[in-house]
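Quick one: structure below, then a few questions.
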Amino acid sequence: MRNGATQNAGAALASPAGVTHDLLDKHRTTGNMFRAAAVLFAVLFVLGIVGFVMRLQDGVSNRAVWGYHAALFAFILTAAQGAPMVSIATRLAKAHWRRPISRSAELFTVVGLFNLLLFIPLLWVLPSLEDGRRTLWFFGQDEVPSHSPHIWATIALVALILCGIALLWVSALPDLAAVRDSSTGRRRRLFERLAFGWHGTTKQWHMMRSRLDILGVFYFMMMVGVHFLISIDFAMALVPGWIDALFPATHAFISLQTGVATVLVTMFVLRRFGGYEEYIGLDQFWALGKLLFALSLLWVWFWFSSFIVFWYGKKPSEQKVLELLMVGPYLPIFIASFVLSFVAPFFAMIWNPVRKSIWGPTIVAAGVLIGTFLDRVRIYVAAYSIPGIGDPLVEKHDLHEIPSTVLPELPDILIWIGAISGSILVYMVATRIFPPINIWEQKELLLYRVHRRFHRTEVTVLGKPD
Amino acid sequence: MANEKWGMVIDVDKCIGCQACVVACQAENNIPINEEAHFNQRRAIEWIRIERYWEGEFPDVKARFIPVLCQHCGDAPCEPVCPVFATYHNSEGLNVQVYNRCIGTRFCANNCPYNVRFFNFWEPAWPESLKNQLNPDVTVRSRGIMEKCTFCVQRIRRSTREARRDDRQVEDGARELNPACVNACPTETLVFGDANDPNSKVSRLRAKEKAQDGRAYRLLENLGTDPNVTYLKKVDKGAKVATHA
Amino acid sequence: MQEHVQLTQREINRDLLSGVLGTPKWWLPSVALLALIFITGVGAFGYMVNKGVGVTGLNRPVFWGVFMVNFVFWIGISHAGIMISAILRLTQAEWRRPVTRAAEVLTVFSLLGATMAAALVHTGRPWRGYWVFPYDFPRGVWMNVRSPLIWDPSAVNTYLIASSLFVFVALLPDMAIVRDRSTGLVRMMYSFMCLGWRGTPRQWRLQAVAGILLSALVLPVFVSVHSIVSWDFAVQIGPEGWHSTIFAPYFIIGAIHSGVSAVAMVMVLMVWLWGWERYITPDHLDAIGRLLIVVGTAWFFFFFLEWIFALYTLEGPEIALRELQIFQWPWSGLFALFVVTAFLIPVPLWLFRRVRRSLLLMFLTTASVNIGMWLERFLIIVPGLMRKQPLIFNWGSYQPSIIEVLMVAAIFAWVGMGMLVFSKVFPLIPLFDIKEGMVGRDEIRIGRRTVPASIRE
């Protein structure tokens, strides 16, 4: 049965050394387009700082104006910090198609550092527990510190970010060592430090693999934990009468869906502008397209599971919450996010020709990103616009009056543009340090995938190591 | 088209817990005899019951009574869950039960927050001597189906039909219109009538007591079932005012 | 390291058809015993129909008892078949091959069991049960499509038809093999059932396409069935403890937890009863054990959410319900047993490779999960009804009667009996799938190491 692997594609990419050489070359050079984009995003980021300063003029006591900021924080948490899950889940499932994209997904952990900055103002905006609202810290409001939400959310967020960066770093060690070995001077000294003395001994490889698994599982658990704390303390608890046990899970789940979308868009950019066409191919778009299809079905299922219980139950307190979040002041936003997060992905991705293309999944994924952003706006802006939270004299078990729509102001728009540009900028800087395509995983694939003759046809044989 | 909306007002302040209403209902509606065993099995059928709550510690203890019957909710939770439309809302504000259609899933009973729907766990039986006193206007329900208070719909039907025949209006609070429980109540705790008629006693009581400092409330109102029975609070000078703190 | 046994087609045929072409010694007595239990249960049901639902322990307010518990439990078990078959087939997991058939058949029989437990047994007038179907057009009386009890039969029937088709399509090549080895009337029967299977390339292609298509189409059905079962409870506002948005995912993940555990039990039983240890190896148990760790932990997360939010409400009946569940005997004992058997014992044990690869330990842990998950449903349904609303005058209790116990035992016996009878008529491990796996298996040598590999299109 083993007649020797017949390698197609006689290019240099067929040999491990060729792959290393090519990817290191691409990593070393910085194109003009990259520089131009970096400058552009830096300028936009400065605009965001201007917007933030304008926003600070209003102070933190008026919570309603901070809704869009909170939505932005939640969006970046959802979109960027969910992206590494694409790499973690597929690595645990030993899917080979993940190899070219695992690094670009893991690089998003760095954006978490930037998101931490966005989180800081929220700590001042969110009132303490002394107002007697319903809270996750229900066991005796006098016995827990009244800033429990602030404390625990910060700890969890920092832990998530540290865990993510550790994951990125561990998985990048062999590549950093490869960069080190191929460079000289200051660059070599820098990467010597970054590679932590990686020499590729058997022991180091074993250690790395087990660390990757553990950090991956831990990252997922931390992510669910952070979504749990943020979604309850920073959104649900601010809406009296909103008791939706599924919401933390939905919040975390949307992060998985949006993470896939983020990775799809990143893949497209890397392929088109980063010069990685030979690595990121239809296989990846097809696989992630299928995943996006399944996840969009799950999206509607999660949404409906919450919706039907509230709608069918017809309790006044729950009707008010539905009105606030869906059919009331934010109805257009809800419809838009429903279409972009479910209808469009579902009806586009159901067609194999669309799924198995470059543009199809990319456009749909961009839609999902916008849909998720609108979804976060709908929830956080609505939650932050409820009056009476923070005031111990106001009864907080039912929502009596629906506040009107809060529209974005100039500072909000500036902050959006700045924060999203800032995230992209951080990502771009990170790709200068960590090669955006995983070199060692790519080389591994050459070992595990061979082509053989099988009776009268040629087949691909894929190895699945334990 | 009927434009009545039958409703009830229950003045808890007047209730002395005598259970006359329970007995009257039992006789009027052919409800099987509740033996001791039925109570022990928690399967007694009482379309109206007096719930008794104890307040305070011994020697300073008070009994509180509240008559509970089907609330004929405007948004009845029992109605949408019935798979076969055995229970539905009619045009007179009554929540009605179609015995022949019921298949006994007991879904409605679970979804009733007031626990006023009853299941026939056994074939109903009466002693031979009581066979002849069954009310011919009311179906005897077989085992395996649900039943509940109808606001004595047979009495409403008969009195409105006779009034139409004689070309007159049904008199508000007439004995032949009132459900058996209302007629039996010695203290006039229960008041029955057409809530759509602003001059009926029910409407006047509701209007008066819904005003500021009125005593009107409805059971488990936070569930949004829109009950058709209004309760009037007990007047208790010694009671502390409960606040939502 | 996966051990690799290469078997010839002749050996595969001989081993896997042993139950169909011959009769194991234990087969008849066990089927007879299960049939006896089943018939006793049917007798109990007849008694209940004759006397009324009063012969059960049900009362006001606990109108739903162990029949509903069994309905939810068996619907949950039925999710295993699709979980294993469809998802693993779509993700091309190699270890699914010997397990798919048994899992699918378990689905079919447990669905039938669930239907018996709920639709037939549990109603007050079972002889009128057909009224939940849209049949009565002439009289203009239709069923009430707003009721979850209408969604239920629709979803369950769809699922039953889909999973039966699933089993049937996968059975075609195997029935043809049995046909070729039998004579007379039996041969005619198999010829009829295998729809003229000759194994032409076109037939194979159609069969493969049908399998993949059914896998993909049955997945939404699988999710909807248990969601709808959960909405039977969650959409109600009567019992406060049931009115929670978490129910649909919580029930689904719980169903997968108990269902995959049940499949693991069936796998071990197949090794013990038919001696198929060359087909179901510790590798397979290892794989299902890993899957179970993930599923069990996810289930625990939803369990945690359900509890957190019950307390988050700070509402009377919710708190009273939780108090009942953890502090009042015997509910506290049942609750402790449930948490321990459904999660605290099995999941930590599965973390050890030795446990995952041991037949006996896997059987015991997965059986423990199923005990726990049965109790979970019991502890949701019954205490939820016991503490419906703040009107404490109506709080009650419940204890199943002997009639109910007999009927519950009958459903368990029914599923076991069904599986055994099926194994006599059809091979319980798909022959063609195993052969395909053997053909498609390959190895890649990297340095000094040999990595198992398989052929992909």
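For clarity, chains are labelled A, B and C in written order, and residue numbers in each chain start from 1.
Just so we're on the same page, a residue touches a chain if its C-beta (ideal position, glycine included) is under 8 Å from a C-beta of that chain, and two chains touch if they have at least 3 such contacts.
Here the structure is a predicted model, which is why all the values come from computation and not from measurement.
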| item | value |
| --- | --- |
| Overall pattern in which the protein chains touch one another (line/ring/star/complete/other) | complete |
| A-B compared against B-C, more contacting pairs | B-C |
| Whole-Å gap between the CA centroids of chain A and chain C | 35 |
| Distance from chain B to chain A - Cα centre to Cα centre, in angstrom | 57 |
| For chain B paired with chain C, centre-to-centre distance based on mean C-alpha positions, whole Å | 44 |
| Residues of chain C touching at least two other chains | 235-237 |
| Chain B, residues touching no fewer than two other chains | 77, 80, 223 |
| Multi-chain contact sites of chain A, meaning residues that touch two or more partners | 312, 314-315 |
| Residues of chain C touching chain A in the complex | 1-2, 91, 94, 220, 223, 227, 231, 234-237, 243-249, 301-302, 305-306, 308-314, 442-446, 451-457 |
| Residue ranges of chain A in contact with chain B within the complex | 312, 314-317, 319, 395, 397-398 |
| Sites on chain B touched by chain A in the complex | 75, 77, 80, 222-224, 244 |
| Contacting residues of chain B [partner chain C, same complex] | 41-43, 51-53, 68, 77, 80-85, 101-107, 109-115, 118-123, 143-146, 219-220, 223, 225 |
| Parts of chain A lying in touch with chain C, wherever the complex brings them together | 1-2, 93, 134-136, 138-139, 224, 228, 232, 243-249, 297, 301-302, 305-306, 308-310, 312-315, 447-448, 450, 452, 454, 459-466 |
